[in-house]
Amino acid sequence: MIASWLWRRWFGILTLKALVALAVFGLVVAPPDSEQGDAARLLYVHVPAAWIAYLAFFVTALASALYLWPRTRNDSWDHLAGASAEFGVLCTGLTLFLGSVWGKPIWGTWWQWEARLTTTAVLLFLYLGYLALRRLGGVSSQRRNAIAALIAFIDVPIVHFSVSWWTSLHQQGSVFNDKMDVTINDGRMAFTLWLGAGAFTLLFAWCCLGRMRLLGIESKNSELELEAAIAQRTGVPS
Amino acid sequence: MSVVRLRNAVCLLGRFPALAGADLDVRAGEIVWLSGPNGAGKTTLLKLLAGLLQLHRGTATVLGIDLAIDRHTHRSSLAFAGHDTFAYDDLSVSENLGFAARAVGASQDAAANAATHFGLDDLAAVTHANLSAGQRKRLALAMAFARDADLILLDEPHAGLDLSGRELLDAELVRAATAGRTVIYSSHETDRAVGLNARTVRIVGGLAFQDALAEQSE
Amino acid sequence: MSLASDAVLIAKKDMRIEMRSRIVFAQVLPFGGIVLLLFAFALDTDRGVLPIVAPGLFWVTVTLSALLAVSRSFAIEAEHGALYALRLSGLDGAAIFLGKAAAIVLQLLVLEVVLATGVFVLYDVHVPGEAVLAVASVAVAATVAIAAIGTVYGVLVAGIRARETLVPLLVLPAVTPLLLAASRSFEYAIDNDLSTSLRWGSLVGVIASVCVMVGVVAFGPLLEES
Amino acid sequence: MDHNWGYVAVGYVGTLAVLGTYCAVLISKLRKAPTEKHEQR
């Protein structure tokens, strides 16, 4: 079910081209925003990173559920859950970093207790915990990890809801412009945003496939090691 | 009737094949003695039979239940005592026994009887933390025997017991076997097996070597 | 045996062990007290700030204490392999979860009463008379949620090395929405804005029910992997 | 609006650095992994 090496090379080149195109469109082709000026160019990486972060955690939850379901149980689902969560954490960190860098010129501050930013920050730690759990391994860790991923995913809407309720109650009277929204009134801006979403999705898919392949090789190798260990253990009965 | 049937059973501890393709057959009412050097896989075998470890490969049927599919159902008809006592330090002997019996749905009478059989009556109020190693062993065995089980799995039950404790234990094992229960225990004590009329299964290198006589009679 | 009586059996056992060992009452409770003091030092003796931030500090202190209570709750099971016995007993995972969580709730409620007294004295907080009932019920709901989350993650890592360091990393992000809601509810109660306080309180209630449901479903399978 | 370019540059370069490092590590690990040998065996 894992694609061949040739296909992934072709796929990788396509991803690379999309990312280069994104940089060109984001930095050169798209016009500066009427209010925010050139700072709005961060939109084209910030929003795709955030989108992929959420998509990745959704994929992790879905793959974990498919692993837990007896009929669809397959180690590949566990590998996908891990690969996706890893890239998701990367993108979550990136989203926070870009939000910060964008917030400084627009809000005048690196950090704002804004709902989406705060939710993303909590998500980062939620899934860092999940990755830490995965790293520890264990005898039958896949089922445990899958359950942990589902519990974390249940927490996502709760975090989002409580945080947005909190910030909406507290932000009246804020001295900052609490909107980071850019008015997309230009076709080139809209296209660049879609290009960004597409390029990041491709990169996400490529990284996931690569990471899954790596995890697949690792588990195959450990299966071979087990074979050798059994032979060694049983080969010399006294 | 076959109580235990293992074929090419592989069981992992981490990545180490503690059981590396073991075959084992045990019939109802048998007392089976697992002998073998340290690290041979005796504890893993007992834990696998109890459903505490996952079967990695091969087949394992215990009390008619396929462990590859279901590691839960057969637990209600088995008793297990391991290296750990499964007891709580801050609870007394009678409290530990009472909790263990309630947890498995056994009567308090059964718990009291088990305490008497293992000579624990004088220690009823002593907490587990204040027991000697041998007394803890007796408590662990009494907790296991409080359950009305078809299959009794004991991991080195003789270790740490004094002579009277061993005799009490052996009497319980014989009683269990005559009542039609099956006992599988591991031990390094060669002399104990003779009095019990136990069948010997040697565990070496993650494999089980069954007694030649027993195999012929099959 | 029924789910309820099995849960009571487990809870009674845990409470009896606590009454004997007094680990939570003799160690975790003083820990919570010193944390309250440290917050006051950290914020200087500016008495104007403390009453305002008191609800948040209270719930942070409770959460940190809860981490210790959870770790104790699973330490007693791990000490002599009692988790094996629980798995072999045939008790329903849901019953074990409810019992262990209930014992933690009881211990935390005692701790909260003491800490709340400390907050009144040290932080100069006044709760209006009519808000006392609301505050108390929100506290109970929040405690149920914290105990449920802690119990689930406690069994999740029960079989893992380095579990002492992993539990806080897993539990703290998971309790953030709860901490937020409970702190806001307390704040509004102190400000005598009961309706807003109860809106946040109902969010606490919703979170608590979700946490308990997750625990009831997930504890059994997680116990198997421990 | 000129000073905003600094932030934009930091954002884009930072993104490139993070994603580039991840992909580079991934590719090097995939190169090193002895897949084909095992598959042929």
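As written, the chains take the letters A, B, C and D, and residue 1 is the first residue of each chain.
Note that in this section a residue touches a chain if its C-beta (ideal position, glycine included) is under 8 Å from a C-beta of that chain, and two chains touch if they have at least 3 such contacts.
All values derive from a computational prediction rather than experimental measurement.
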Interface with more contacting C-beta pairs, comparing A-B to A-D: A-D
Centre-most chain, if every chain is reduced to its averaged C-alpha atoms: C
Most widely separated chain from subunit A, with each centre as the mean of CA atoms: B
Averaged-CA centre spacing for the pair subunit D and subunit B, given as whole angstrom: 54
Chain centre separation (subunit A, subunit B; CA means) in Å: 48
Distance between chain centroids, defined by C-alpha means - subunit C, subunit D (Å): 42
Inter-chain centre distance, subunit A versus subunit D - centres from mean C-alpha coordinates, in Å: 14
Per-residue multi-chain contacts in subunit D, two or more chains: none
Numbers and ranges of subunit A residues touching at least 2 other chains: 138, 140
Contacts with two or more other chains, residues of subunit B listed in rising order: none
Set of all touching chain pairs, with the criterion as stated earlier: A-B, A-C, A-D, B-C
Subunit C-touching residues of subunit B, taken from the complex the two chains share: 50-52, 71-72, 75-76, 78, 80, 82-91, 95, 99-100, 102-105, 127-128, 143
Footprint of subunit A on subunit C - complex, ascending: 152, 156-157, 159-162, 166, 169-170, 172-174, 176-178, 180-181, 184, 203, 207, 210, 214, 218, 221-222, 224-225
In the complex with subunit A, residue positions of subunit D that touch it: 1, 3-5, 7-8, 10-12, 14-15, 18-19, 22-23, 26-27, 29-30, 33-35, 38
In the complex, subunit C residues that touch subunit B: 1, 9, 13, 16-17, 20-21, 76, 79-82, 84-91, 224
In the complex, subunit A residues that touch subunit C: 122, 125-126, 128-130, 132-133, 136, 138, 140-141, 143-144, 147-148, 150-152, 154-155, 158-159, 161-163, 165-166, 169
